[in-house]
Every structure is written in C-alpha cells, then in structure tokens.
Amino acid sequence: MEFKQEWYEEVRKAQKNAYTPYSKFNVGAYLIAKDGTAFHGCNVENAAYGEAICAERTALVSAVAKGYRPGDFAAIVVTTDTDKPSSPCGACRQVINELCDDDMPVYLTNHNGDVIERTVADLLPLGFSGKDLN
Amino acid sequence: MEFKQEWYEEVRKAQKNAYTPYSKFNVGAYLIAKDGTAFHGCNVENAAYGEAICAERTALVSAVAKGYRPGDFAAIVVTTDTDKPSSPCGACRQVINELCDDDMPVYLTNHNGDVIERTVADLLPLGFSGKDLN
Amino acid sequence: MEFKQEWYEEVRKAQKNAYTPYSKFNVGAYLIAKDGTAFHGCNVENAAYGEAICAERTALVSAVAKGYRPGDFAAIVVTTDTDKPSSPCGACRQVINELCDDDMPVYLTNHNGDVIERTVADLLPLGFSGKDLN
Amino acid sequence: MEFKQEWYEEVRKAQKNAYTPYSKFNVGAYLIAKDGTAFHGCNVENAAYGEAICAERTALVSAVAKGYRPGDFAAIVVTTDTDKPSSPCGACRQVINELCDDDMPVYLTNHNGDVIERTVADLLPLGFSGKDLN
C-alpha cells in the first residue's frame, strides 16, 4: 500500500505518547490494517532496560488484542527524531515477520519528513518463522 | 479498587483474542484506568519464543499509546484456563511495577470464576525501579 | 547455602565486565552450583534497550550451556553500586524461578558490602511455572 | 573467517545442552573470538515463553562475562535440526549487531551438515545501533 501523507501526521502524533524516562529517545508507530482501521504505538521503557517494549510492537499487540490476525495488515509507519530515519530493532522485525505479510511495506520516517520504504522480508532476510518449528 | 463482576466478563472476552499457535495457552488481561477507561490485552506469541508478549503487557502498552501514564491505573485483572488462577510472569510484574501504584490490586482469575487478589508490591517485593538507577 | 565472603570478591569481579554504554549501571552476578562450580555474569546492554540481558540471566544461561540443569544450583549473588543493594528485575526472577529451587538463597549486595538475603520464592511469590501450562 | 569443519562438531555439541521443555526445538551456537577462544551456547526456555533466551545470545553474553567486547569476535555458527538451516531470530540479530563487526560471518548449519553463510549486516540490513541514539 502506497504511503499517504496523513499517515505521517498520525505517526508523529503516536510518538508524542512515548514513555522514555531512561533514553529520551521517542519512537512512534502507526499500523494500518487492510480494513482501514489503524493503531498508534509508542515505545514504553522500563527501569529494567530489557523490559522495554518498542513502538512497533506496541501497535501490533494493540491490534491483536482487538482481534486482528496475521494477514490483516496493510502497512506500518515508524518515526524517530534522527537525521536519517531509524529502522526497527531486531525483536520488532521478528514480531512484524510473525504478524505481517512478507511484501507488506514498512515506512521509516523522521522529524524532517524523510521517508524510506522497505518490505517486511527486506528487513528480516531468511526470517525465522513457524515453518522452522515443524 | 474492589473487584467488579463485569470485569470478569471483560477479561474473559479479552482472552478470546489470544494469539497462541505455539503454546495454546490463552491469557487475557483487563486494565482499568482511574478515569474509567479500560483496555483489553491478550498474549501474542512468536515462533521465536523469546519474542512473545503477554496479555498484561499488551494491555499496559495499549494504554500508554493512548496517553496513559504511571499513576493513572486503578486495577488489572488477568485470566487463564488453569485450575488455580495463574499469576503474571516476572517480566509482566516488572512492567506493572513501572507503570502502576504499589498498592494497586492485581486480580487473578480463571475459567471457574475463582479470584485471587494481590497488590503490585506483593508480586514484586523489593522491586527494581527507576530509583535504583540514580 | 550460607553466604561466603569469597563470593563477594567474585561478584565484584564479575561486575567489572558489564557492557553498559547506555545506562552506565553496572551489575554483576555470581552463580554457585551445588558441585562447587561457579559462573560469573554481568549485564549486556543494547542500543535497542529491550534487547538488554541482565547479569543474573547471563550467569544462568552460561551455566546451562555447560550442561547445568534445574536443581543443580546452590546460590546466586548479585551486586550493584547502589546505596541499598538492588534486587533482580522481574524477567530475571522468572528465569531464576525456572532454573533454581524455591528455597535457594539469592544474595543482594552493593559496593559497601551490604548483604540482603531472600529466597527464590520470596522474590516471585505465586510464581508462574511449567505447572501452569499443563 | 572461513568455516572450519571442527566448528561444526562443536556447535553440534553445544546444541546437546539446550533446555527446551516447551518447544523441544534444540538450537546450538558456537562463537569464535579473534584470539581463538570459543564459547558454546544453547537455547534456554522458560514457562513464560517471552523469557526464553536463544543459543546465539547465550554464547555472546557468556563471552562478554569473560571480558570480550565488540570487535573481538571472528565468527558465529548456529545449528538446528531443520531440513534447511534456520537463521537467528530478530532479537539475536540485534544482539549480534551490537557486539560483532558488520562483515563478520554467521554460519547457519543443520543436522545434515548443510552450511549457509551470511554476514552480520546481511541479516540486519539498516541495523538499529548506538549511532541512532545520538
């Protein structure tokens, strides 16, 4: 699904709710389902750094809690305040890979409005999945 | 905040959205904010087991993404289909500890309608927090 | 197993290897097996905060990789540079709970040599375990 | 560093220590430092699935606990019992990315002796790193 300018406004809004007392590094995510419903996500940090949850995963689990399932998503947008748009951490790529189609677009943006496009498969080549477990 | 029977209906609804292709162990969570708003959560598993996210954390990050902050929550209810209600895993207790008041009630329930009550501090005694980092 | 002063020297040595470019919060762990073998652990952080691994888990997985199993451990010591010894985060308590006996002592220490003793069960009351999954 | 047949024997030995009561999916890792020292790793699961730690991370944190640092590693080998060698999950790729050189080889193997080679950068394109945080 092609990038829409309104998604940029939404992902920047999502970023405003980031809970980042430890890193001050605010990330926003905006997940668009194929049925048009969308979910905002932000990073939620913890004094125990390892228990932090990123913006992308926040948006994805919010959607699953509403009943959305693998195959239901059309695109995800991420935003940071970095000179070059940052891309998802490995754990987020793994969760995106579990829940989204291989060719789903992932849009990386920043405060300057730069947009980089990759697919789910681009970000996790040779992705580990449920097929490996059988 | 005292347990309300309607919360039980809601947490059992939340459980229905669990995404558990690997464990088939379905968990639901229902988080009630002090302003009356509530959030459903379920566990969201992954082929890479370590990237699973539990029901309690799903509910909590969904709330943070809507702007809720530490101090805003009144209670959380968890449900499983176990003979004795299960309690949150350690990572969830850590996230609950970060975002909820020490004396907030955590209600553990099961398919039989049993209810066990503990506080946040009961479940993570000597809890690690932001105060340790300073 | 009762606390031994030599363990304190070892856990302080373990702490020196902490990889903490993000928090500068150095933690050490020292895990003693029943057969007398011991394992050093330290926290290993990541730019993606959620992928940090704590000192306690580092020591425990190092032991499992050498063939140690649940029931093989006698004690674990943790150290931080805090006025009051810090205690393990929730995720570490969960991993300790999986691999160690309920009544195994967990010793919390700091740079001043203070020592607090708790058991595994003290730190994760109503612990979630494999029994819940059946 | 080019693949050595002896590494295959070692990674298969590492796999034998996997603690996998939940998935029965055994993974081994073998991490070779530039100074010739090597570390065995295996996956260590947990009743709380999200607290599982993979073989690759087990090997890496074991090395850091011995004083090894980013830039010290020459190669890592992973093994599974799958028809096609499995590759690391996203969280492991993120930890490998933090601690290993971009062009370091990652060798994926299986019980049949198949070997696939990729670099660290191949597995985490546009990798999120400490540079993003500044």
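Chains: A, B, C and D, in written order; residue numbering restarts at 1 for each.
Keep this in mind: a residue touches a chain if its C-beta (ideal position, glycine included) is under 8 Å from a C-beta of that chain, and two chains touch if they have at least 3 such contacts.
Keep in mind that this is a model prediction, so the values were computed, not measured.
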For chain B and chain D, chains touching each: A, C
Euclidean distance of C-alpha centroids - chain B vs chain C, Å: 25
Centroid distance [mean C-alpha coordinates] between chain C and chain A, Å: 33
Per-residue multi-chain contacts in chain D, two or more chains: 22-23, 46-48, 51, 53, 89-91, 94-95, 128, 132-133
Topology of the chain contact graph, where touching chains are joined (line, ring, star, complete, other): complete
Contacting residues of chain D [partner chain A, same complex]: 23, 25, 80, 82, 86-95, 97, 108, 116, 118, 122-128, 132-133
Interfacial residue positions of chain B with respect to chain A in the complex: 14, 17, 19, 21-22, 39-42, 44-48, 51, 53, 57-62, 64-67, 69, 91, 94-95, 98-99, 128-133
Contacting residues of chain C [partner chain A, same complex]: 22-23, 45-54, 89-91
